[in-house]
Every structure is written in structure tokens, then in C-alpha cells.
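So that you can tell them apart, the chains are marked A, B, C and D in the order they are listed, and the count of residues begins at 1 in each.
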Amino acid sequence: MALKDSLSQLKDTVSDTVRDKTSAVRGADLGRKQWVFSAGFAPSQSTGAEPEFTSRNTLCLLNTSAAPVCVSVTVFHADREPVGPYEILVEPQRVKHQRINDLIEPEAVPLDAPYGLVLDADGPVVAQLLYLDSRGGNLAVSHLNPVPLD
Amino acid sequence: MALKDSLSQLKDTVSDTVRDKTSAVRGADLGRKQWVFSAGFAPSQSTGAEPEFTSRNTLCLLNTSAAPVCVSVTVFHADREPVGPYEILVEPQRVKHQRINDLIEPEAVPLDAPYGLVLDADGPVVAQLLYLDSRGGNLAVSHLNPVPLD
Amino acid sequence: MALKDSLSQLKDTVSDTVRDKTSAVRGADLGRKQWVFSAGFAPSQSTGAEPEFTSRNTLCLLNTSAAPVCVSVTVFHADREPVGPYEILVEPQRVKHQRINDLIEPEAVPLDAPYGLVLDADGPVVAQLLYLDSRGGNLAVSHLNPVPLD
Amino acid sequence: MALKDSLSQLKDTVSDTVRDKTSAVRGADLGRKQWVFSAGFAPSQSTGAEPEFTSRNTLCLLNTSAAPVCVSVTVFHADREPVGPYEILVEPQRVKHQRINDLIEPEAVPLDAPYGLVLDADGPVVAQLLYLDSRGGNLAVSHLNPVPLD
């Protein structure tokens, strides 16, 4: 039993060391360079005070690295060619919550229409999507992760 | 039978090899061929204007590839055999938000009843599920990713 | 360089073949045997008609395999020892949406209190969690995937 | 180059082997030591009874292991340096639902402002995030998983 425990502890130590070193090398560069969402949508109508209650889709980006990251977003539509890239700069060690409907270059993303988002970043970032809908005279809120790829 | 299986396996291998190479070339074949949801449900009742406020479950599909993708959906029920395939065609480089309750072949998916969804696509797609519930006189919205497999 | 690429491609092909075969053998046994949620909670209060609008936490289970699956649930609490196993049987090729607060053996899961869930199944299942809250005189709904474990 | 690659592969193999064995030996240490959320936000305003209806962001932590786990949280802001660590102790085999806005050391996390969260734990934990918003005179609730890393 004592031997088994010792072996187990040794194994734990090795495992932690290997993981820590990997982590130490990569530092705080958490995330990936590519993320995808298929459930994009933002209602054109809202009720209540602006801007808190304005219906929207907001891309929540986190850059934990020491360098700025440029996120290139391609917007896929239901009935026409994809549009992009929309470029979002996220400063080092900052979070940026970017309302999709404030993206106007190369063109505004239509409201009341389904879209998909593909993010290609030049460094690792973390992305989540917020949906806020105040059309019904009340607040509906939902958060969505990117789809798990591999 | 053995020959058929061998041929089928050979076809899969070739297909995968081709996809891997294609993917390297084209870049944009994002997603997987199989996705699963266990929390399917759509209320029969709604309040407010149609169709925006109609209670529903909507499958949000994104095909970033250059070829059309056919998604075969099998619907699992609580108390009877699975039903399917329901076929959804997603055009190349398009998003498609498909209300589950608009699927009527081979038969309508019952409202007010739990179901699970297994998606098998003939090419990589991205899938997320939207739930909208206006029964309570207000809007409740939730988004759900497929379960992380592997 | 050319040799290295060839080796790399060979490795990929082998890897894909192995995965395909595994997948072919497992057939429709989708999911995993273990899932975890840390955000469990069910309000004791509700408004509106029962049972549709009763506040709740519901575990949505899908068994795509040809054999029944028994899911053993351990409930972790904030201030006392874990309780379990709660056993849920999911018939072959069926979905089961199990309200947590209908689990009474070995004891009822307290309302208005945080809990975590660990699921250990004797076969692969898919699990997602539904939260419905009608306390506020309106309906709030949220869906949650299990945490992604390796 | 070849030597470096060989070493790297060897390290990966060792690391995987160690992890596999560790997991088999330790049984219930579910989760990971690092988790990330980019969609942090808590409204300053609420309606309805406190504390049930107080708008909030709550970190739901589960420690299934036999030892206490200390979770160090770093909060990333939109316009200034990250702040932390905030330390949360989760007792063995307990769940802890920690309201972000109750964290006051080293400083309170601002309301009505976007933030990101990086969790570094000294043992494996499971983390999910709850969002509750009662600003609109009704309840909106959403749950969010950490982003899938690797």
C-alpha cells in the first residue's frame, strides 16, 4: 500500500510538472485563433431604456496575452454570400464586448435575420456570445459558447 | 455483406483523406458531421405577434464549405421509436435556421413533448439550438450547444 | 521536408482509420458515461399554471444505444456530504427529461439551495440541463451543457 | 530540429500516460485547474425581493475531490489592467456558488461593466457561470459554460 501510494504521488508530481511547464511556456495566452457560432440573430425592435435594454447580439472577447489581437469576423447569411472581414482589435490583457450591430465596415449586419459568425484571430482569444432581447416588453437574456471544434 | 462493409469502409477512408486534404486547401470546412442534443422541446402555446413570438425550437446550422451539405436528423422520443431521417439541405457558405416544428417529413415533431436530436451530415456543419418560449406572456430565450462528444 | 510530410500524412490516415473503425463498432452509442454540472439550483416558488410553469431543474438524458442505460447521479451540496446514488433508467433509443426534484430516493434534493451533479452511467448517454424559473411572474428559461471534460 | 521534435513527442507521451493513470487512480477528481469566461457582466439595478431577485453573476464551483481547492480568479477589464487574484476556497466534495460581486479583496468588481474571468485552481474543479437580471421588472436567467479550451 505504501509503495502504491508513493508511486501514485510520484506520478502526480511528474504529471503536474509536465503540465506546469507547458503552461509556463504558453504563459497566459488562453484560447484559440478560430471560433464559430451558427445561431447569430439580433432583433430590430426593443422596449425600455437605451442602451441597456436595446436588443442585441454582443461578441464577448478576451485577450489574456501580452500582445494586441486582431479578430477578423466573417458573417454568413441565409441567402447571399458571406461578408467580411469585420475587424475587431482587442488590446493586450483586456476584455472587449463588441455589439455585432455596431460593426459597419464593410457593411452593417442586418437585423431580424439569421447569421453565422466565423472568427479568425491572429492570436489566441476567448469568445462567447450574448443575446439580449427586449422586444416582448421584458428582458430575455441568453449566453452561448462557440461550438466545440475538435 | 462483408464485401459491402469493406467497400463502405474503403469509401469512408477515401472520403476522410480527401476531406483532410480539402480542408487544408480550402480552410473553411468548419464543424463536424455529427451533433447531438438531448434537451429538445417546443411549447404548443404562444403569446404575442406571429411569427416572431411563436414558441419554438430552432436548429441553427452553418455550412462554411464550398459544397451543399445534407443534414439528416433523427428525432428520439420519450415513449416510442425514433423517427427520421428528416433532411435539411444547407447551401454552401450559408446559414440556415430551421424551426424543428416546420419539419413534417416523415411526420411532424410533437409539441409539448421532450425529444432528442441526432444530426448526421454528409459534410462538416456547425449546429446550435435556439429555444424561444412566449407562453408566459413574456419572452424567454435560451441557446444551447450540442453536447461535447470525444 | 517531403519525407516528414509523407510521414505526417500517413500518421493522419492511420489515426482516421482507427477512429472510423471505433466509431463503426460503437454504432449509435453516442455520448459518455460521465457528466458534471456545478450550477444546479431549483427555486421553491412558482407562478402560473402547473406543471408547465413550475420552477424546476430538469436533467435531459438521451440514450441512443440498443440497451437500457442506468444513470447514477450524485448530488453535491454546499454544506454537507454528497448524497446518492439517485438512479435514473433510460430505455434504449429513448430520451428522458427527469425533473431533479422528482428524485426522492435516497432523499429529496432541497429547493432554493445550490447543488452540483455528477452523473455516472453504465453506458454512453447524452446529458443537458434545463432551468425554468417562474418566480418573477414571468418565465425565465436557460439550458446548460455539462462542463467539457477532456 | 529532429531531436527537439522527438523530445517533444516523448514529453507528450509521458504526459498522456501519466494523466491516464492518474485519472484511473484518483477516481473522483473531476474537472480542470483552469477555466475561462469572456462574457462577465452584472447589472447594478434590480427589481423584486432581495436577495433572490438581485441581479448578479455567480460563479458555480464544484470540488469533487477529497482535498480543499483554492480557486484564484483574475478579472480582466475593458480599459485597465487585470485585477487579482481573488481567492475562493471550495471545501472537499462541496459545491460553492460564489456571487462575483461579493468578492471584495483586492477590490470590488465593478457593476454595469464587461469583464472576463480566468480561474486558476490548485486542484481540479468544475466551473459554470450564472447570470440573473431583474432590471426589466422581470427575471432573465442564463447559464454559461467556460469556453472549451483544447
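Quick note on the criterion: contacts are C-beta pairs under 8 Å (C-beta built on N, C-alpha and C of every residue); 3 or more make two chains touch, one makes a residue touch a chain.
Chain-to-protein mapping (UniProt): A, B, C, D = Sensory rhodopsin transducer.
Everything quoted here is computed from the prediction, not taken from an experiment.
The chains that touch both chain A (Sensory rhodopsin transducer) and chain B (Sensory rhodopsin transducer) are C, D.
Between chain A (Sensory rhodopsin transducer) and chain C (Sensory rhodopsin transducer) the CA-based rotation angle works out to 170°, given as a multiple of 5. Residue contact pairs shared with A-B exceed half only for one pair among A-C, A-D or B-D, and that pair is A-D. Chain A (Sensory rhodopsin transducer) and chain C (Sensory rhodopsin transducer) have centres, each the mean of its CA atoms, that are 24 Å apart.
The centroid of the Cα atoms in chain A (Sensory rhodopsin transducer) and the matching centroid in chain D (Sensory rhodopsin transducer) are 16 Å apart.
Centre to centre, using the average C-alpha position, chain C (Sensory rhodopsin transducer) and chain D (Sensory rhodopsin transducer) are separated by 20 Å. Across the assembly, chain D (Sensory rhodopsin transducer) contributes residues 129, 138, 140-145, 148 that each touch 2 or more other chains. Every residue of chain A (Sensory rhodopsin transducer) that touches chain B (Sensory rhodopsin transducer) in the complex is listed here, in rising order: 34, 36-41, 43, 76-79, 81-82, 114-116, 118, 129, 131, 133, 135-138, 140-145, 147-149.
Those residues of chain B (Sensory rhodopsin transducer) whose C-beta lies close enough to touch chain A (Sensory rhodopsin transducer) in the complex are 28, 30-32, 48, 52-53, 60-62, 64, 93-97, 125-130, 134, 138-146, 148. Partner chain D (Sensory rhodopsin transducer) is touched in their complex by these residues of chain B (Sensory rhodopsin transducer): 138, 142, 145, 148.
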